[in-house]
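Inspection log for the structure reproduced underneath, given as C-alpha cells.
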Amino acid sequence: MNPLVLWFHKLGSPPYFYRFAGRWIPWLYTVALVAAAFGFYGALFTAPADYQQGDSFRIMYVHVPCAWMGLFAYLFMAANGFIALVWRIKLSETLAMASAPVGAAFTFITLVTGSLWGKPTWGTWWTWDARLTSELVLLFLYFGVIGLYHAIEDRRQAARAAAFLALVGVVNLPIVHYSVIWWNTLHQGQTVSLIGPSKIAPSMLWPLLTLAFATHIFFFASLFARARVALLELESGKEWVRALLPVTETSHD
Amino acid sequence: MHESADEPRALLQAQSLCFARNDEAIFGPLDFSLHAGETVLIEGDNGSGKTTLLKVLSGLLDPTSGDVLLHGAPLTLAKLSHQVALLGHLPGLKLELSALENLRFATGMGGIRPGITPHLALASVGLEGYEDAPLRTLSAGQRKRVALARLLLVPAALWLLDEPYANLDRSGIDLVNRLLDHHARRGGAALITSHGAYAFTSGTPRRIALRATA
Amino acid sequence: MKPGSTSAACLALLRRDLTLVWRRRGDALNPLLFAIIVVALFPFALGPETTVLARVAAGTIFVAVLLAMLLSLDALFRSDLEDGSLEQLVVSPHPLALLLGCKIFIHWLTTALPLIIIAPLLAQLLQLPPQVLPVLLTALALATPLLSLIGAVCVALTVGMRRSGMLLTLLVLPLIVPALIFGAGACNAAQDGFAHAAPLLWLAAWLVLSIIVAPLAAAAALKISLS
C-alpha cells in the first residue's frame, strides 16, 4: 500500500491518533501563539490607520480570521461527518463532534467583534448586514448540531445523527447565504463593503494572513485536545486506555 | 457462493453474525440456518440480545460483522421481496382503527396470501365479531391476536416473532402453537424468542441459546 | 391494483393516516387555533392603525403559519414510533423514502392546507392589501411543503427523544430561514409594487430539490435514529 494511505489508515485507529495528537499539541499551540503574537504586532503597530475608519478597523484582525474559521470548522465538521457516516470511522465521528464547539466559539467571537465594529462604523451594535446575518444562522446551525449530539444517550449514535444534521446544514448553507444577501439588498440596498481584497494595502494584509494562519493552527491544536479526551471517554473500556492509567495498588486487572 | 445444488438452500442463514453496540458485543458470532418447515426457538435471559438478533435478521439493524442470507442472497436485496414478517414487542397496530382496518392496511403494505381474507384471519384467531371494534376497546391479549392475524394474511415465508406468547392466556398460547405448526407444514419457517420454552408445546423445537455477555 | 405492490402500499398508508387524522380531528385543529391566536395578538402589540398592520401583515402571517406547522411537526412520527408501526414501515419491502414521502404529504395536507385556507382570514385581520393576497397564498403554498419536508428530516433525527420540542425548533428554524425570506420577501415586494416572481421561482426551485432529496434524507436519518 502507498505509505501515505497506510499512514491515514494508522491515523484512524484511536490509540495511534491519541499518541500522535499528544505529540503534536504542544507544538501546535506554540506555533499558534508565536504566529498570533507576530500577527497582532503587525495589526496593532505596523499597519496604518484606515483613512475612513481610523483605528477601529483594527478589530478586523480578530473578526475576519474568526469568521473564516467559523466556516472552515463547519466544513471540516461536515467532511468528517460524511466520512463517519459512509465509512463508519470512529475517529471521524470524534473529530466532527470535537470541532463543533470550537467552530461555534469562533462564530460567536465573529458576531461579538462584528457588533463591536458596527458601533463606531454604522453607529449601532447590530445591523442586519448580510454577512452578520449569515453568521448568526451559522451559529444556530452549530447549536443545533451540539444540541442534538448531547440529547442522544448513545455516544456513537449521537455522533452519527449530529454529523447527518451537519451535512444537511452544509447543503442548506449556500441557500441561506444567498437568500440573506438577496433579502438584505431588497431591504436596504447594497451595504458598505467593508473589505475588498483588492483594496487592502499589503502592510494591512500580512498581519491578517498571519493571524488567519494562527487561528487555523490553534483550531487544530484545540481540536486535537478535545478529540483526545473524547476518545478516552469513548474507549474507556479498552486495553490501550487502561494501559495509560498509572498503576496503583488498588488496581485489580 | 459455493453451495452444492442438491443440498436444499436454507430459507435463512446467518454466517458468523455479530452485533456490537459501542464496541460491546451484544451477541455473536452466530452461525445457523433455518430451512422451510422449521420452527426455531431463540432462548436467552433478559439482555442476552434476543430482540436485537431479530432486528438484525429483519434488516432493522445492520450487523457489525457477518452476513444474513435469505434464500442465499444478502438480506439487503432480499428485503425487497415479501418474505419476512416481523412481530416485535410493539404490535404495530393503531388503536384508533378497528381490527379490520388495521389488517387491511397490513395487506396493502405487505400483500395478501391467496385464499384468505381479513375476515377469515380474524375468525381463525378467535376474534369473530370484533371486526369493527376499535382496537382501543380490545384487551392486550386480543390486540396480540390481531397482530397474529396479520401474520396469517401476509405472504411471508419467514416469521420473526419476538415473545409471541407474552400477554396471552392458555388458549392464546395454544393458538400461537397451532399457527406455528400450520405455518411450518405449508413450508414456512419461524424464528421465535422466548425467555422460557415452557410455552412451546408442539414437539421439541431446535434451540439457539444466547448468553448475556457481561 | 395488486395488494402489496408499492403503489398499493402508498395508497394504504395514505388512507390509514388520513383516517387517523379524521379520528383525532380535534388535534388537527390546534395549529389553526394557534395561528389565529398569534396573528390576533399582533394588533394588541402594535396598535390598531391600518398602515402599521398592513406593513407587517405578510411577514406576521408567514411566521405564524411556520410556527403553527412546527408545533405539529413533533408528532409526525411519534405515535408510529410508540406503537411499533414505524418499525413495520422500515422492514416493509417498499422504499422507505417513498413511504416517508407519503407521511410528509399527509402532514402537509392536514396541517398546512387548512392554514393556507384560513390565510385570507388572517390577512383580513391584519389589513393586508387585497392585491397582495394571491402572492401570499402562492408563497405559502410553496413554503409550507418545504417546512414539512425539511422538518421531517429533523424529526427523523430526534424521533427517539422524549422531549424533543425545543431541540426540534432549534434544528428546523435555521434551515427554514430562506423560505421565510423568499416567501415574505415576495409579499413585501408585491406590496411595494415591485416585481415578485423571482423569489417565488426560487422557492419553487428549492421545493423541487427538497421533494427529491428530503424523503431520502429523512429515511437515512430515521435509520440512524432507530439503530
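To keep things simple, chains are lettered A, B and C as they appear, and every chain counts its residues starting from 1.
Everything below uses one rule, namely that a residue touches a chain if its C-beta (ideal position, glycine included) is under 8 Å from a C-beta of that chain, and two chains touch if they have at least 3 such contacts.
What you see is a predicted model; the values in this text were computed from it and never measured.
K.L.:
From the centre of subunit A, which other chain's Cα mean sits the farthest off?
P.N.:
Comparing chain centres, B lies farthest from subunit A.
K.L.:
Could you name the chain whose Cα mean is nearest to the mean of all protein Cα atoms here?
P.N.:
C
K.L.:
Round to the nearest whole Å and give the separation of the Cα centres of subunit A and subunit B.
P.N.:
So the centroids are 49 Å from each other.
K.L.:
Distance-wise, how many Å sit between the C-alpha centres of subunit B and subunit C, to the nearest whole number?
P.N.:
37
K.L.:
For subunit A and subunit C, what's the span in angstrom between their mean Cα positions?
P.N.:
Taking the average C-alpha coordinate of subunit A and of subunit C, the gap between them is 33 Å.
K.L.:
Which residues of subunit C are in contact with two or more other chains?
P.N.:
Within subunit C, residues 227 contact more than one other chain.
K.L.:
Across the complex, what residues on subunit C touch subunit B?
P.N.:
Going through subunit C, the ones touching subunit B are 2-5, 8-9, 11-13, 15-16, 19-20, 23-24, 79, 82-85, 87-94, 226-227.
K.L.:
Please name which positions on subunit B make contact with subunit A in the complex.
P.N.:
21-24
K.L.:
Which positions of subunit C touch subunit A when the two form their complex?
P.N.:
150, 153-154, 157-158, 160-161, 164, 167, 170-171, 173-175, 177-178, 181-182, 185, 188-189, 199, 202, 206, 213, 217, 220-221, 224-225, 227
K.L.:
Going by the contact rule at the top, pick out the subunit B residues touching subunit C in the complex.
P.N.:
For this pair, the touching residues of subunit B are 58-62, 79-82, 84, 86, 88-97, 101, 104-105, 107-112, 154-155.
K.L.:
Can you tell me which positions in subunit A touch subunit C when the two form their complex?
P.N.:
85, 137, 140-141, 143-144, 147-148, 151-152, 157, 160-161, 164-165, 168-169, 171-172, 175-176, 179-180, 182-183, 186
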